[in-house]
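First the structure, in the form of structure tokens, and then the observations on it.
Labels run A, B, C and D following the written order; every chain starts at residue 1.
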Amino acid sequence: MSGADDLARRRLRLGMVGGGEGAYIGGIHRFATRLDNAFELVAGAFDVRAERGHAFAESIFVARDRSYDDFTAMVEGEKNRPDRIDAVAICTPNHTHFPIAKAFLEAGFDVICEKPMTTTLDDAIALHELAKATNRFVGVTYTYCGYPMIHQAQAMVARGDLGAIRVVQVEYPLEWMASAIEAQGNAQAAWRTDPKLSGRGGSVGDIGTHAYHLAGFVTGLKAQSLCADLATFVPGRLLDDNAHVMIRYEGGARGLLWSSQVAIGCSNGLRLRVFGEKGSLSWWQEEPNTLSYTRLSGAPEIIKRGREDLDPSAKVRTRTPPGHPEGYIAAFANLYAGFAEAIRARRETRAPSEIGMNVPTSADGLKGVAFVDAVVDSHEAKGCWLTPRFV
Amino acid sequence: MSGADDLARRRLRLGMVGGGEGAYIGGIHRFATRLDNAFELVAGAFDVRAERGHAFAESIFVARDRSYDDFTAMVEGEKNRPDRIDAVAICTPNHTHFPIAKAFLEAGFDVICEKPMTTTLDDAIALHELAKATNRFVGVTYTYCGYPMIHQAQAMVARGDLGAIRVVQVEYPLEWMASAIEAQGNAQAAWRTDPKLSGRGGSVGDIGTHAYHLAGFVTGLKAQSLCADLATFVPGRLLDDNAHVMIRYEGGARGLLWSSQVAIGCSNGLRLRVFGEKGSLSWWQEEPNTLSYTRLSGAPEIIKRGREDLDPSAKVRTRTPPGHPEGYIAAFANLYAGFAEAIRARRETRAPSEIGMNVPTSADGLKGVAFVDAVVDSHEAKGCWLTPRFV
Amino acid sequence: MSGADDLARRRLRLGMVGGGEGAYIGGIHRFATRLDNAFELVAGAFDVRAERGHAFAESIFVARDRSYDDFTAMVEGEKNRPDRIDAVAICTPNHTHFPIAKAFLEAGFDVICEKPMTTTLDDAIALHELAKATNRFVGVTYTYCGYPMIHQAQAMVARGDLGAIRVVQVEYPLEWMASAIEAQGNAQAAWRTDPKLSGRGGSVGDIGTHAYHLAGFVTGLKAQSLCADLATFVPGRLLDDNAHVMIRYEGGARGLLWSSQVAIGCSNGLRLRVFGEKGSLSWWQEEPNTLSYTRLSGAPEIIKRGREDLDPSAKVRTRTPPGHPEGYIAAFANLYAGFAEAIRARRETRAPSEIGMNVPTSADGLKGVAFVDAVVDSHEAKGCWLTPRFV
Amino acid sequence: MSGADDLARRRLRLGMVGGGEGAYIGGIHRFATRLDNAFELVAGAFDVRAERGHAFAESIFVARDRSYDDFTAMVEGEKNRPDRIDAVAICTPNHTHFPIAKAFLEAGFDVICEKPMTTTLDDAIALHELAKATNRFVGVTYTYCGYPMIHQAQAMVARGDLGAIRVVQVEYPLEWMASAIEAQGNAQAAWRTDPKLSGRGGSVGDIGTHAYHLAGFVTGLKAQSLCADLATFVPGRLLDDNAHVMIRYEGGARGLLWSSQVAIGCSNGLRLRVFGEKGSLSWWQEEPNTLSYTRLSGAPEIIKRGREDLDPSAKVRTRTPPGHPEGYIAAFANLYAGFAEAIRARRETRAPSEIGMNVPTSADGLKGVAFVDAVVDSHEAKGCWLTPRFV
């Protein structure tokens, strides 16, 4: 097993489960790992159809002997290699996250897992406990907290620029499932609308969890209770494709959360607005390089990524000057850079530097699954205010 | 009393109650009446301090003998004049709308009333019934349906451009009461935060009713039930200054409604987004001359006010070509132009022309008050789904 | 003739030449005169087809005996009436501005004239001299300086918020004449493309003059020299429909000016950007209620019309609070309010109040015509830097 | 030397000159090479201070024996290695581009060079001729043509969506040199303002060349003549920091070009607008994921990167779906992906695939230098219309 001293002279070695030919998010993970040169992808079980997986491995320069038939074989193959992977990235449908993560954690690997972390709350609890028990790092890819202006927003809230928070509005509308594309061969849509593969939440699990995490990430607020209304608009669909949630946060702030997969015209419209007693912030994922800030009675200011006067947490996640846009892959790469630093810091038993702090882990994954559970329960109880089990 | 034939050769004669020196909305009413030359302001009881009212009347060229000490004197003074006013505009705080409107209706005058129409549902019912019983016109100034692009949106929904409506998002955030200005001498804020003068609703009554009306106006949908969460953030305030409402519409559409008086950075941020199975629309009051429309899988299109291919209901409410912005006063003037035509049509016992159709009346005023009632009841019942009594 | 004392108790009486049925700008003038109640339209020669003009007069409540066959009859009819008009608004094609204005000035009337003031520089000089000789007011409707945020911009430049001005970018692109609509019965386009009716400038005369005036109005800079390139894109058109002008201002600032009548996608896209050594401003006519301001190294700020902290010159031209948009007609009405005050001040031999200061007059009209002349001369000289005769 | 068959099984090997610690653009090149895994950086002469360069090489995992003291040593060291670099990236100040590129070309390497390609037109001619004589690839990093929506725009123009082009407006305003930062230790600004290091152009060379290239790239138009006005606003600066250029294109289109380094509020504001007889396009580098398109008399449409219906040239340069923004580094990576394919295609004596077509080469570099020459000549001749020697 790689010792800490060795680590300083090389990139981290990454394996991947899922993410083969035609997969979407696996490719994004690979872009993200390469951008900052923090990871080197050296092993994988890329496809449930093993031969396709091997062909894919070759196409991306992964050696044949480290292209595995499945994740079990991968754990076995890697665990005793001297150049074994440092961490595994799990890019499979939701229902497989738990067994895969469990197997790798138990073999001593660090884990980077897509969200939602698991499809049931029990699994989420178990995984989070396992992470603690094994003393391994579990990063969960709440992508949007990788954006530098989200860190800027978090810092501004934390240092009091907005005063006490009153209202938190977060929404995540998408168009792409506005018709029954899951019945027309779209594999991405198919598993997202299958409760066995996705869990209890449809839009609320797939994107509502992102919105919920982002609101909590920026404001530092914990939900006290919520009241939800789910809807399924596309005929034949088995999970919600639109979710409305009213939230009461500890300390008295109130929020709305809207997630939708049927919002025609919205490409990836995650938007967060935070209103405090002294000021407000607004951020939209589709133009992520700016943050709008208004002081009480003041003129709105457009704060641009890349400025010298931003918070260190934003600056360390920035590669280009103002006006040279950074996008989604760069945000994803910031997560990976953070995961790398968190992993290195654990190995070297030291505190992580700025980039490795404040990265989403299994604790966040657990809260996300608990949120889905509470939303579905509230909806089924018709207007009941419920408290998520983990906040 | 003026006969119908006389009407064709003159502007309508208008009286006003309230709206004196320092009042805000009265001045807007006057701009609106003048813009299209439909009304001539000839009488008024402009101020509860009668002398101030008379001085104000003189300053705006209203003859001394038609500047009255109060609305009772005005009814008496006007009702037997051969050149009596055709209609009265009521621009006073909410709690006085009912008695004033009642007095003028009973004396045979048409009425134009600010919203919310009354402070209690009983009064709203009584006023609506009185309008029917006296066969008089009662217009209620839901200003925002005066915008031409709102009529365009309504027409597009009605003709099926969006298909069946699924989601309706409406919000009306304001900053202006983010601190306790009612305690610092701001008269506008003072009566809005006094339950005796405003009724049961704070933000939900003052602006939530606008948002609710606009959503119903554009979509044609009626609320089936709603579930609300009110909050009061400014210490000492007696009414809500932030309202979250989840709405289920007849036919299955779902909506969120947010009204806020503490949303720093938002000047007059009424925004409506409507998502159907075939397309979506988005409109923002602060840039009211455009409407964003997206077809399923299509590119967003920016539809501009003033185009030749707009619906007749939008074109008749337009004065300038595309790119020459029209604003809030023009929208208000469209309401007045509509009221004028509705009044003339009633007198002439004919159907109104396009501009006089589809104007907000006491039926809309009643629904607005019923909405406030249902919201407050739902909030007090903690998460209960309720049906407004009139929708 | 009306004495000054009488003036205080009534609106000004206005006559209009042109602006009859189907005319565009005449209607805008009428909206503008009514909005603030400063003028009352009581006389007119609305149409060269006299009978049409009389019918139109009746439709807008102008008495038959003050609806004249032509402007000569109007001068004669009005000049000896005890209730004669105070001023005349000239809303006719460019080539008639001069004779009409001359006739009214010589009869002692104040004049409000559309731009360009005349079609030749000689006429412009003569008219400006006549205004001085007769001691009468000649207002020229450079509409866009009626916008409150333009006054705010002017004040900010004047008080040094931008430091010394370096670069002035102004553009005025329009789509509406992108095809040969003048050959398809569009009367507005027909006279604008006829050198006999419009003068030497096509786009540069019709809209370039607006852009030039606006740049000078806000910055206070005078052109030192210019170098121009005109083009005519629509086949058969006799005047330029696209103009590029490089400008050197006194003091060293540089500017570009672009006017175009063939810019598809641009409705009324007048835009001004001013860059100084300490800050910059940007304003766009299609969203005129905001002004973007950036300090050196600062974050862009969105300054909204209606704020309490704006310059008095902006505040006096504002009717509604922030977020309640005001548009083109309101800007035009600000000009008329200013003209009214300038006229009253002249009569009362006093200085005008804020609203009447800084209004465009024959001096500005003269500069505009001199600009057109210099642009066309420079173009014809192929790249020559020329100085306009009046700046 | 690597044979073509070997190439298929590995990434291309890249060397870099310049781009060491503290350099800006070298880091961007490295991000770009990594994103798509097309190149592997294996050698370099990163710094004129050799020891700093070696330390930097180590920090980025470049082997010590391939970290060279200077570019001459690098040519010598690499040219006979069996694993010699395939290409060199030149990231040094302008005046060194020519000797470095010449040395590598003469040793048989392909070259990727920053712009402007050289500081004199003679050198540019010589380099372009040398590229042809050696049959080597010379890519020039006109970054902005790497954006997918720029390829979409080019395709739309080429297929006639806009009809014949009439007006081309391009501007590139920046704030960053609005004060004399070159005198305050800013190395980036220092060489850009030194004629010996930068050549004859200041803003026009540094960013005007980008704007000029972009306009030609999208429209396919060649400049017929131009007329320029340069200014230097910051005291003591030796080159222009603001340039205005009027352009006449072959075929009759007209254009303006504005470059500025003193435009406060503009971060990296490259904007291109193209107007044809049938439609128009608008694109802004700071929000590069959308392209605004308007048909004659149509509503503006917002075309989003990532859509299925885009041109293949845009789709092949896209990594993420609509709404997941891609930025500057991704555009740069598209250039590198194109260079890689162009280099492979040359080696394999085949035509490049889509990504390798239409990449900027020494021919474009030559045109850029010729543009700077013509602009400065025109300015010095005071308003003279000149034709660039290469267009």
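Methods note: a residue touches a chain if its C-beta (ideal position, glycine included) is under 8 Å from a C-beta of that chain, and two chains touch if they have at least 3 such contacts.
None of the values given here were measured: they were computed from a predicted structure.
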item: A-D, A-C or A-B - pair sharing over half of the B-D contact pairs; value: A-C
item: Chain A-chain C separation of Cα centroids, rounded to whole Å; value: 56
item: Rounded Å distance, chain C centre to chain D centre (Cα mean); value: 44
item: Interchain centroid distance [CA atoms averaged], chain B/chain C, Å; value: 35
item: Residue list for chain C, restricted to those that touch at least two other chains; value: 266, 300, 304
item: Chain contact graph, described as a line, ring, star, complete graph or other shape; value: complete
item: In the complex with chain B, residue positions of chain C that touch it; value: 10-11, 24, 27-28, 31, 34-35, 37, 60-61, 174, 176, 266-269, 285-289, 304, 306, 319-330
item: Residue numbers on chain B that touch chain A, as the complex places them; value: 166-167, 169, 171, 173, 175, 178-179, 227, 229, 231, 233, 242, 244, 246, 248, 252, 254-256, 258, 260, 262-266, 275-280, 282, 292, 294-297, 300, 382-385
item: List of chain D residues in touch with chain B within their complex; value: 293, 299-304, 307
